[in-house]
Amino acid sequence: MVNLANPILLIVIPLLFVFLIAFSSAFSKSAAKYLPIIAFGINVVVAMLLVPEVLKNGLVLSTTAGFKPPIAIDMIVDKLALFLVIIASVLGFVVSIYNVAYIDEEPEEKFYALFTLLITGIIWMIITGDLFNLFVAFEVTSIAAFGLVGFHRDKGSVEAGFKYLVMGAIGGSLLLVGIIMLYAATGTLNIIDVAQKSAELTFQQKFLAYALIFVGLGIEGALFPLNAWLPDAHPAAPSSVSSILSGIMTTAAIYAIIRITNIIFDYNQIYLFLMFFALLTLIFGEIAAYYQKDIKRMLAYSTIGQTGLFFFAFTIHSTNGLQGAFLQIINHSVSKSMLFLVVGAMIVQVGSRNIEDFVGLGRKMKVSSFFLAIGMFSLMGMPPFFGFWSKLKIIFAALQHSNALMIGSVVIILLMSVVEGAYFFKLLQMMFFGKAEQDREIKEASFGMLVPVVILGFILLFISFYPTPVLDFAHQAASDLMNKNYINLALKLGGL
Amino acid sequence: MSYYLGSFLLIAIGLYTVIIKKNLIKIVIGLNFIASGVNLLIVSIGYVKNGTAPIFSKIGINPSAMVDPIPQALTLTAIVIDASELALAVAFVVLLYRHYGTLDIKKIRSLKW
Amino acid sequence: MVSTILIAICVPLLAFAIGLTFIMFKLKITARVQRRYGPPIIQPIYNLLKLLLKEDNISHGVIFSLGPIIALAGSILAVFFIPIPGLNLLTGSGDLIALLYIMAIGSLGMALGAGNTANPNASIGISRALTLMFGYDLPLVIIVISVILQYHTTNLADIVAAQANGHWTLWTLPLSAIVGFVVTYGALGEHPFDIITAPHEVATGPMVEYGGKHLGFLMINHMFHIYIEIALFVDLFLGGASNLFWFYIKMFGVFFIMMLCDEVFLRFKIDDAVRFFWKWPTVVALISLIIVLVK
Amino acid sequence: MIRKIVYSIFLATIVLSLVMFFAAFPFGQNKMSVGEYYLNHGVAQTGASNIVTSVVVDYRGFDTLGEVSVLFGAAAGVAILFFVLGENRRKRREQVAPNFIVRVGSRIIFPFILLFGTYIFIHGHLTPGGGFQGGAIIASGFLLLYLAYPGTTVNRSRLSMVEGLAGITFIVLGLYGLLMPESSFLYNFLPKGELNALLSSGILPIIYIAIGFKVAAEFAGIIDDMMCEVICRGGEK
Amino acid sequence: MNMSLELLLATPFIGGLLTYIGGKVHRWVRNLIAVLFSLATVGEMAMYYNTTFKGVVWGSLFGSNLVLQTNPITWLFLFIVTAISLLVIVFSIDDMKKEEDEIVLDSYYMQLLFVEGAMVGIVLAGDLITFFMFWEIMSWTSYFLIVHGGKKSMAAGYKYIIMSVIGAYAMFIAIAMLYAKTHSLVYSDVALALSQASPSFIIWTVVLLSVGFFVKAAVMPLHTWLPDAHSEAPSPVSPLLSGVLIKMGAYGLFIVFYGLLSVNLAKNIMPSVFSTPILLYIIQWLAALSIVLATFLAIMQEDAKRLLAYSSVSQIGYVVLGLATGTSLGVAGGLFHALNHAIFKGLLFLAVGAVIYRTGTRNMSELGGLVKKMPFTFTALLLGIIALAGVPPLNGFVSKWMIYEALIQKKEVFLLIMAFVGSTGAFLYVYRLIHSLFLGQLPEKYENVKDVPILMQIPIWILALSTIVYGIFPGLAMDVIVKGMKLFGFTPIAYNLFGFPEGTAMGSLTVINIAAVLMTAFVAVFIIFILFPKTRQVSQYDNYASGQELTPDFKYNYSFGFYMSFGRVIKPILSMSIERVYNYWIDAFKIFGDYYMRRIYTGNLETYNSYIVIVVTIAAAAVLLGGKLW
């Protein structure tokens, strides 16, 4: 019997469904609508099957072509990766349901294929154990995202798509140069192998290669000066796609950066460099979000801010900091995806993305607005929602190092949280307590769009009120990453 | 070394084009420059002095005289990816021209702030 | 028990009597200062009786009528807290600080009644009264604090006892005493500070609608008021007295000096009055307070 | 102007740093570590004489799967961007062919191009070349056809069927490897055969054939979309 | 007993949810559930009267236990929270009827109960995480209550929540610093850790925590949210905000200074002024400034609720001033004043709410003469203002007296002067309130106004009677306060049921004597008054008006700009505004943000690409310079 708890299935099954969508579109238009749901349903199951394995062994490694890792490409799922994989799969599943009701524009089958490909690429980026494979996964994700951003084919989305494409292509090339430099230096592409062989390199050599990889992934990961595409692309894309882009794609890119940083460098050599970017990203994202009139653009800038926050938590580089970062990732992924989905449903009803037009929606679209509010509260870090636990953890972790730098950073983070509160509360009170000038015909979002929102909302509420398992799991994942267990276990299991 | 330098220059020229040039087509060409430079770099890394192509067209060829096969494989993949990106980029350029009636990137600024 | 009730009845009557005599002398003193002959000394009693016995009393409602009653009740309450020679009455139940607030009950009651007339003159009068009160309260509080610090107690009886044998606060804290004297002017609404009633402007202010027995009660209240303010001054600065006679003499002395000065001044505008109180009396009182603190 | 100079200096800095880096790993030096393993064991393990192919399709076959996906994504993206409704697509039939010589020449050459492309991807494991190259060549045949006969249409649903089927083949072949004792994706479960024979090296040629079809179909699709963009929309803005 | 602390905490939250669900059934079901659950909370709270109960662990987070605890001091605050909440909910039933949208009402009751639950959580918290968690919950749930009242309230609520968040984050830093030190935020552990910490650490944490409490307690200069929020909130919410919510700041200060940091410790690590640690001394000054300046501002208000709001700033100043004295008498006075202020300010807001309910305006110059129409409300409000002004024998006087005595004992004369001045100023504004609302001319349009329904009368009168009860029997509250303060290491003060005997302070006080004599005097004067000839009722328009004839349609009442002349005196003070400073910084921040945004996110692809190159160049340059990034 095939062992279903095989990480490679996480990629291959959705990919199979991508091609199935293409294949089936020759016969039936409507099949394409539902295939992604099945694909990610299976993915969720596989991810869940992986949980006991990962908990038992600390890591699950899957080879391709029947060869051991340095020879062939391998897929590695450790706790951290599993973490993200579960989020990505669940988001994929939920957003696929949303798509059924949301997408009504031709060519639908291409959309579904690309959408499935996008999430596949994201999962791929997370679990791959090979540098060049990472690049390929990066490109799969990017290409799918480019196409999806341009899906509406109107003025804004085409412009956004093109800007994204140019920046993404430059980023991809720089990433590839970085990877090739590591290859030239070590003669291998496997991450674990590179980690071991790069120990002989000088810091400058490592750093140059690393910087290029960092820039390449940072473009996708929305780090500050490199993220200019994001506020254009997220609003331009269909809301379901924005939800994925915001919820998990940037996270996956950041994850890749963290993974490579963690493997190649000692923390002390590099953390200031990373912290600098993290704080800039946080500051500029949050402040820019404050000025937005376009609700999706606001959420997009907020994504930049949140990315900065959890990237900062990574750079604290203690078990606590990493735990905080993971919690913040969960919080951000679930909440922000839900927000984009809700906002998408609202935009369908309102017919505008301008915040001013959202006045009084709280009374018309009660369920949607309720979940919007919950998501926003969680992002702001208001108790008893999940964001509170993660923010608590991050600040606690940061202040464990009582140097001026950390205290300054904490002050910045909290100031930016205030800014975040400022724009979210502005929106909230406009929606719930503002009165529209003329009475508009606005109905509650359709059932098909509400179901995914409600699912995500309940996930959020569940982990808010019962955070213990998530906290524990995050803690284990964090200590694994901290101790570089990844390398040791992979060496043991993969027999490198 | 000159091979390296050539690839570096290609990359640099590509980046320069992307930053300085205003024409969308030129920007796309710039992307292509970068991609070509990277591919050239990959292939040149794999070269071993006096090496032959890694094909065992006859039995008994000494594998130690061959060049590194991995960069070649990587290049194959990279080329296809670049081609895909280029196709998409060109498609975007066409649509941009249709929407804005211009190829000047400075005028395509409806999304900002 | 019987004696307690007797005292309880007698003390207000005593206060009333003292207040009445002061009012009687007031008109005469004023007239003499202005080189007039003045009304007969008994004139205020006539006035009072005339008002009280008037057949036709008009009222604007319950609150209107309650005003003078509350005012008088408050004043009577305050009387019990001021030690008079040989009697310390309720000084154990409420100290100097409590007294300061008890003294306000009467004013508030009157303001309540006057406010309900809906006459703008009355309202303006009350507004001025309260503002003026706010004005003189600052120096008053400061001197009260300096006296308290001087004797380390807030119990008025103890303060009086500490001044026995001629150790009057007037000698030890002359600045405070001067300020206290000025403040008493304000508290009584005497001349430079008679802006509250100002007959030419607001037609006796709060009292404008009152007539008959209501006004009579207000007059009685005023007598109590005079008694309270001056008795407090005497207790605080002139060491109280060993017997009622001396007490009366001291009070009369204070009142006499006040009346001498009374007619010399013009009337302050209300904001000028507040500014005045918050300027010189406050500064002098603060100097005195600092002297006490440093000592 | 200052901008240009400044960025030239910046780029020079980048190049200089790259040069510094590669000075430690000079050109022509043998930097292989895993590569040597491939050269030494590749023939035995995969049965393909072209080691590059064995790397592309077998050892690093997963990259290739990604590459295929990227191409697929690009084709889908172009199809989205150049989406034209079916009735507009038909306008193309009315176009007149440009030139007699081109028409006749391409009609003669087209089958040969197809044949050449097929040859390239069938022999991918033996000689330089493979699925991508072969597919691209076949697509260039279609390009020629479009040039000669602008009215040509390909059945898009059939193209996507080919795309899908080829992709499915690739993945199903790979998944079959999971059933093997090694339980590994893309495990080469077919017999390796004799070196340099056409039918050798297990699943490699099958995959390359699938890739060839897929690449051909996708490029043809892209070309079709672009032609349509030019012709169907005409002067429309 | 073990479970019931958690039950006490959970009751309002569960009640809130059930209320919302009940609202779907029928509005009376909803009202009933809301009342029942708040009643249940009061009942459960009553079980803990005068008990000390340390540490129920209800969870654990990041290695720190989450603890619930109770002692007499928390009981005092629990009492304030639950009792006022119950009354507010009862009052809301009729008052909020005017809101047509049932959904809004459902969520209104839910939020009321949630705010109550959050405050119960704050008070019961035995560790800083629980405390902070419920603190934040309280902030945002109360925000939703504030914005219930239209456009202006939105701006007010916005200001409130932003300032609350800033304050809360200041606390957050302090809590995180403590966590880094101890890894356990249970009060006793924190206290232990603080006793060994370095002075600068202690000062930093305490200052940061205090900033958070100051925002909530609206101590100047962090009070700017309060006048807007309290006046714009719906009338039943204002008493909750003013009476209870800002007390949480006072409670926090108490916990920090006397629970976590004992006064002796504070004295050891910092210099003392007037035998007060300098930090507490600064807090005293801030509180005193609040008292005086807020009094001035309250005097100048034209809006009844705004007047009361500024008065709240002033009165909370007394609470904080008392708490910051550090002596038994002062702290007891502060705590008692917290209770008293909750009672009389709740009463005043409810009474004004009743007026608003009937007349629909809170602009004082539009009202007047309602005493004939709403006599019960008038009487209650009269008691309220007497208590607020600190006139014996009502409750406000007793607590203020204690604070004054405490200050005299410590010879802090300047603070004492300010406290006195604030109290005298209170006469001005409370009289203004009752004068403009109830006395004088009745505007024609309010001819048909009736007194408010019985369900609104009940809460008002319960509070009105409480002012008398706690005024005459201060011992009732002192039982709890003194017992609780013993736990925090204070020497108990002597007291009896009716007041304070000789020796507690520099004087003595027996309120019942004052009350008795006052009543006797009143009755005696009343009898004498009746004995004189009878009075005749005349119309209000039969008035001295310089020979003019007065008609109902002509407004002749003097009610606008009542203290205009006083305003001229304090003009230089009024023209100062800390809010302008805040706005200046906010504007500066906005301009900066706008400026950079237009220069970074230009929409120009070349610029975006050049960012990439710049970042790579920086890295490359770093490598060329020898790997030195910093």
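Here the chain labels run A, B, C, D and E in written order, and each chain numbers its own residues starting at 1.
We adopt the following convention: a residue touches a chain if its C-beta (ideal position, glycine included) is under 8 Å from a C-beta of that chain, and two chains touch if they have at least 3 such contacts.
Bear in mind that the values here come from a model prediction, so they are computed numbers and not experimental data.
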*Enumerate, in label order, the chains that touch chain A and chain C alike.*
E
_Applying the document's contact definition, name the chain pair with more C-beta pairs in contact, C-E or A-E._
C-E
*Separation of chain B from chain E, taking each centre as the mean of its C-alpha atoms, in whole Å*: 68
*asked:* From the mean C-alpha coordinate of chain C to that of chain D, what's the distance rounded to whole Å?
replied: 107
*Let me have the rounded angstrom distance from the C-alpha centre of chain B over to the C-alpha centre of chain D, please.*
16
_Distance between chain centroids, defined by C-alpha means - chain A, chain D (Å)_ = 30
*Counting only residues that touch at least 2 other chains, which ones in chain D make the list?*
7, 11, 14, 17-18, 20-22, 25, 31-32, 34-35, 38, 60, 63, 66-67, 70, 73-74, 77-78, 81
*Residues of chain B that touch two or more other chains: which are they?*
11, 15, 18-20, 27, 45, 70, 74, 77, 81, 84-85, 88, 92, 95, 108, 110-111, 113
*On chain A, where are the residues touching two or more other chains?*
132, 136, 139, 143, 146-147, 150, 153, 158, 162-163, 166, 170, 177, 183-184, 189, 204, 208, 231-232, 288, 291
_In contact (per the touch rule at the top): chain pairs_ = A-B, A-D, A-E, B-D, B-E, C-E, D-E
*Complex contacts: residues of chain A adjacent to chain D*: 2-3, 6, 8, 12, 15-16, 18-26, 62-67, 70-73, 106-107, 109-111, 113-114, 117, 120-121, 124, 130, 132-133, 136-137, 139-140, 143-144, 146-147, 150-151, 153, 158, 177, 181, 183-190, 193, 197, 204-205, 208-209
*Using the touch rule from the top, collect the residues of chain A that touch chain E in their complex.*
162-163, 166-167, 170-171, 174, 202-204, 207-208, 211-212, 214-215, 218-219, 225-226, 228-229, 231-232, 272-273, 284, 287-288, 290-291, 320, 363, 366, 377, 382-384, 388-389, 392-393, 395-396, 398-400, 402, 407, 410-411, 414-415, 417-418, 421-422, 425-426, 429-430, 432-435, 471
*Using the touch definition up top, name the residues of chain E that touch chain A in the complex.*
61-62, 101, 103-104, 129, 132-134, 136-137, 139-140, 143-144, 147-148, 150-151, 153-154, 157-158, 161-162, 165-166, 169, 172-173, 176-177, 179-180, 593-594, 596-597, 600-601, 603, 605, 607-609, 611-612, 614-616, 619-620, 622-623, 626-627, 629-630
*Mind pulling up the chain B residues that touch chain A in the complex?*
11, 14-15, 18, 24, 27, 31, 34-35, 38, 41-42, 45, 70-71, 74, 77-78, 81, 84-85, 88-89, 92-93, 95-96, 99-100, 108, 110-111, 113
*Which of the residues in chain E come into contact with chain C in the complex?*
368-369, 371-372, 382, 386, 389-392, 397, 401, 404-405, 408, 411, 413, 416-417, 420-421, 423-425, 427-428, 431, 434-435, 439-441, 499, 502, 505-511, 513-514, 517-518, 520-522, 524-526, 529, 532-538, 540, 542-545, 556-559, 562-563, 565-566, 568-569
